[in-house]
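In the two assemblies presented below, chain A is common to both, partnered first by chain B and then by chain C.
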Partner chain A sequence: MMKNKVDIAIIGGGIIGLYTAFELAKRGVENIAVYEKRYIGSGSTFRCGTGIRQQFGDEANIKMMKRAVEKWTNLGDEMDFPNFKMAKTGYLFLLYDEKEVKTFKRNVSLQNSLGVPSKVITPEEAREIVPTLDISEVIAATFNPTDGKANPFLAVYGLARKLRKMGIEINEYTEVKDIIVKDSQVEGVKTSKGEVKADIVLNAANAWAKIFNEKLGLNIPIEPYKHQGIVSEPFKLGEIKPMVVSFKYGGAYFTQKANGGLIGGIALKYGPTWDLTPTYEFLREVSKNFTRIIPALKHISIIRQWGGYYAETPDHNAVIGKIKEIEGYYLAAGFSGHGFMLAPSVAEGMADLITKGHTNLPFDFYDPYRFERGELREQAVQMG
Partner chain B sequence: MVDKSKVIICRCNDVTQKDIEDLIDQGITDIEMIKRITHIGMGPCQGRTCIPLVAAIIARKTGKSYDEIGIPPTRIPTQPVQMRILVGDDDEE
Partner chain C sequence: MRLEEHPVIDFTKRRGKKVTIYFEGKPIEAYEGEPIAEALHAAGIRVLNYSTEKQRPRGLFCAIGKCSSCLMVVNGIPNTRTCITLVEDGMRVERQRGSQPLPRDYKAPQWKEAEKHYGDIVIIGGGPAGLMAGIKAAEKGAKVLLIDEQPILGGQLVKQTHKFFGKREQFAGVRGIKIAEILADEAKKNGVEIHLETSAIGIFDNNGEKLVVAVEKNKKLHEFHGKAVVVATGAMEKMIPFENNDLPGVYGAGAIQTLMNTYGIEPGKRVLIVGAGNVGVILAYQLKQAGVNVVAIVEAMPRIGAYFVHAAKVRRLGIPIYTRHTILRAEGDGKVERAVVAQIDENWQPIPGTEKVYDVDVIALAVGLRPSIELLHQAGAQITYARELSGYVVRHDERMETTVRGLFVAGDSSGIEEATTAMLEGKIAGLSAALLVGKAPLQVYDEIKKAQKDLEEFRSGPFGKHILEGLKKVMIND
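And then the complex of A and B:
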């Protein structure tokens, strides 16, 4: 039987909701429930590109990602699921003109000043990392060996397994229809399986977050855009270890998964839309751009293509924080394609915010009220 | 007795009957979750062989009907396609 009263109700059983539940449970909050309208991970987490990187262009995202990588590194042990491991295979950004090089040099100095060991390398050094690269147009690259990737399926499965062992309720196929608010105070949630009382509600519904916000009269700009990904047949392991990124070629990003298949995508997007149907245009453009970067990929077959949402905000940075108008209402959504990689530090900060009222992580940067004040952050380096 | 660790359910990703039954025994009975953990249905054959077999194992072990178990969505392309064909370079070399 589903509980009808909890301390904290979390809307969304993706990586953000589950990881936040885990951080709250570690802080001794036990009466938590997660509500997921389909199966855990089904919204955006299972559709993501698997990349985890600290190579951002602003201090807040770099700090958040540095902390996230520390936590990703230990997550397998922490959730008693050693099968889960972050692969520190790096991120390799290929650069094709002086303007790009200038921006990335500035980013690398900022990253280095915050303790991230990224560096600017030559095209030849890039080809030592990925021998099949066509470097004829590449003039430089940046590489950070402590970036990498992780399997979102195993992250979600491992977290859910651990949470259930800890007695945390995860309700799949349970859709939250409404957040119940009385006198500007959260009172609970109305779900497809009945009402649940709760003093605190966390909206971790990412692409769907705005549905709840709008019902509560809150205008926080988060819009669903369709992005797509592909997976190829497996080929010899170790050929493409890092996530390779090229803004010149379609904003392409790709890497080889543990089973040898290629996973990746390009920046082509559609929306705002609630339609996730894969497009032929994407399949063709992905192939065009990938094969410019690594010509040998021409001989590799694509075996799957799917769509998923980037829940985008105007500056491509998430909205995370406490909602002032409604006591007990918290928001962590609008991740603009970076929810999976950011999840550990978002969860840690959110758990501190809920239990202690503050966090040492730079949550101000993600302030939900920045748009209202007319502040836009520098656009996050939005890629993979 | 058949050794279930030698009965291959998914040839693309090398998954055995034992792998599937172990997950069901742990309480993982949602075919979508079994798919994500084992990668059944995600290889070059697009689940043509494994999905009906996995559905049958779930049905037998849990008593769920095939309707309840459901079928994970098939992704395009329904058969593997080389990138050179998609870029229109298939005459090259």
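And then the complex of A and C:
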């Protein structure tokens, strides 16, 4: 039987919801429940590109990601699931003109000043990392060896297993229909399986977050955009170790998964839309652009293609924080394609915010009220 | 070994020009028009690759491009489906050992826009269902584009050397291979545009019309534009679990038919057949026809599933059929050398002491098929499970239209039956599609109704009972 009263109700069984539940549980909050309208991970986490990087262009995202990587590194042990490991295979940005080089040099020195060991390298050095690269047009590259990737399926299943062992309730196929608010105070959630009383509700529904916000009269700009991904047939593991990124060729990003198949996408988006039908245009553009970066990929077949949402905000940075108008209502959504990689530090900061009222992480940067005030952040470097 | 004498087919006439391919550097004689894996089999090479995890030897299994058991490195390109890739003179073929490195190829490809083809109806699959759909739609004046990833038209008919029975208008008394020729000629005569060795990779919506994207010979991109699509992609062979079921020489029944009846290659010397349904029993007969020894047929069910006439013929040939028996394991060093079978009890458990060991070099699995629904699923059609139709199938209405407007299905891809029902369903799908795209007059309903009635009649016997049960789960009622 599903509990009818909890301390904290979390909407969304993706990586953000589950990881936050884990951080809260570690802080001794026991009466937590997660509500997922389909199965855990099914919204955006299982559709993601798997990348984890600290090569951002602003201090807040770099700090958040640096902390996230520390936490990703230990997650396997923490959740007693050693099969889960972050693969520190790096991110390799290929640069084709002076303007790009200038921006990335600036980013690298900012990253270095915050303790991220990224560096600017030559095209030849880039080819040493990925031997099949076509570097004929590349003039420089940046590489950070402590960036990498992780398997979202293992992360989600590992967390869920651990949470269930800790007595945390995870309700799949349980859709939250409404957040119940009385006198500007959260009272609980109305789900497809009945009402649950709760003093605190965390909206971790990412693309769907705005549905709840709108019902509560909150105007926080998060819109669903369709992005897509592909996976190829496997080839020898280690051929494409890092996440390779090329803004020149379609904003392409790709890396090899643990089974040797390629996973990746390009910067082609549709929306705002709830439609997730894969498109031929995407398939064609992926083929065209990937093979300009690594010509040998022309011999490799794509075996799957899918769509997923980027829950985008106007500056491509998430909205994370406490909602002032409604006591007990917290928001962590609008990740604009960075939710998976950011999850550990978002979860840590959110758990601190809920239990202690503050966090040392730079949550101000993701302030939900910045749009209202007209303070857009510099657009986060976004891929796909 | 190649078959030089066959009572039904003269392979010496069928074979193309002699060519030489190089297997791991060694020259192998082959004939133009035959796929790589088949040519290698004729030269006695059964191990085509080694598995990634445990480096287990693997060989052919389905021989129709569906199972990926035959992947090899061809001219330096890994993951080539050698069972449907035709030999070319001078071709270099190597065994694939696990996952292959990317070829060291730094030549940026020149992107060519897809070759575009426009028609009213696009048909995917040139077997009995697809061909019949094409013929019927084209007869009504629709422009039909038909694609198939095999090098020859006819689907599985091209390997059926036996005569069909039933009604005269349903090709009773005609051999499957002949039906394939008749349908192919008819399709061409009616102006169906045919593209072979062309694999459909996706069905997309294109501003309300249909777009089928396909790749020819793994190289060239094609777009097929139309207002309706008929998916007639057939089925793939099922596998059952037993020890060493991946040993080269454990072949799907269809693969054995492809080897001997399409390309005139001896599948082996001594064969054990698992499964006494129509496929297994007909296979036994065809093997005898090709001069191959069949040691036995084992069937886990208490009864023989095949039509009585087929089973009786096999019994007359002296091939024992053991019901309530199953295969326990395959044995051999790198290839099948023995098969161990045993009787099973009412709980499907092997009965100790009943083991029999056969010295065989081929184990034929005739344990059923499952519908090939991948493209239908990708196109967004609703899928449901129907055990009676052998697995996941697409929901459709009486006119064979799926839950996606303009997307039709016919033949085994809509549930496993047989060639006769595939042709009838093809007829219904083709006519309904022609009606939808505005190429057939409303009177075509009479023809559709006639085909529906024929289907009903065909399914009215004891064998059709479970099909009708399955269809109850699948049919969309208007």
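Basically, the second predicted complex is superposed on the first by the 383 of 384 C-alpha atoms of A that agree within 3 Å, B and C clash if a C-alpha of one lies under 4 Å from a C-alpha of the other, contacts with A are read in each partner's own complex, and residues count from 1 in each chain.
Everything below uses one rule, namely that a residue touches a chain if its C-beta (ideal position, glycine included) is under 8 Å from a C-beta of that chain, and two chains touch if they have at least 3 such contacts.
Everything numeric in this text was worked out from a predicted model, so none of it was measured.
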item	value
Contacts of A:E375 with chain B and chain C, given as first, second, both or neither	neither
Which of chain B and chain C A:E172 touches, first, second, both or neither	first
Partner chain(s) touched by A:F235 [first = chain B, second = chain C, both, neither]	second
Contacts of A:D80 with chain B and chain C, given as first, second, both or neither	neither
Touching partner for A:E30 - first (chain B), second (chain C), both, neither	neither
Partner chain(s) touched by A:K298 [first = chain B, second = chain C, both, neither]	both
First (chain B), second (chain C), both or neither touched by A:W306	first
First (chain B), second (chain C), both or neither touched by A:L154	first
Partner chain in contact with A:T132 - chain B first, chain C second, else both or neither	second
Common interface residues of chain A - those touching chain B in one complex and chain C in the other	233, 278, 283-284, 288, 291, 297-301, 305
Of chain C, residues touching chain A in the complex	52, 76-79, 98-109, 111, 114, 202, 204-206, 211, 213, 218, 378, 380
Residue ranges of chain A in contact with chain C within the complex	131-132, 134, 136, 233-237, 239-240, 260, 277-280, 283-284, 288, 291-292, 294-301, 305
Chain B-touching residues of chain A, taken from the complex the two chains share	38-42, 46, 153-154, 156-157, 172, 231, 233, 259, 278, 283-284, 286-288, 290-291, 297-306
List of chain B residues in touch with chain A within their complex	13, 28, 30, 32-33, 36-37, 39, 42-44, 46, 75-77, 80-84, 86-87, 89, 92
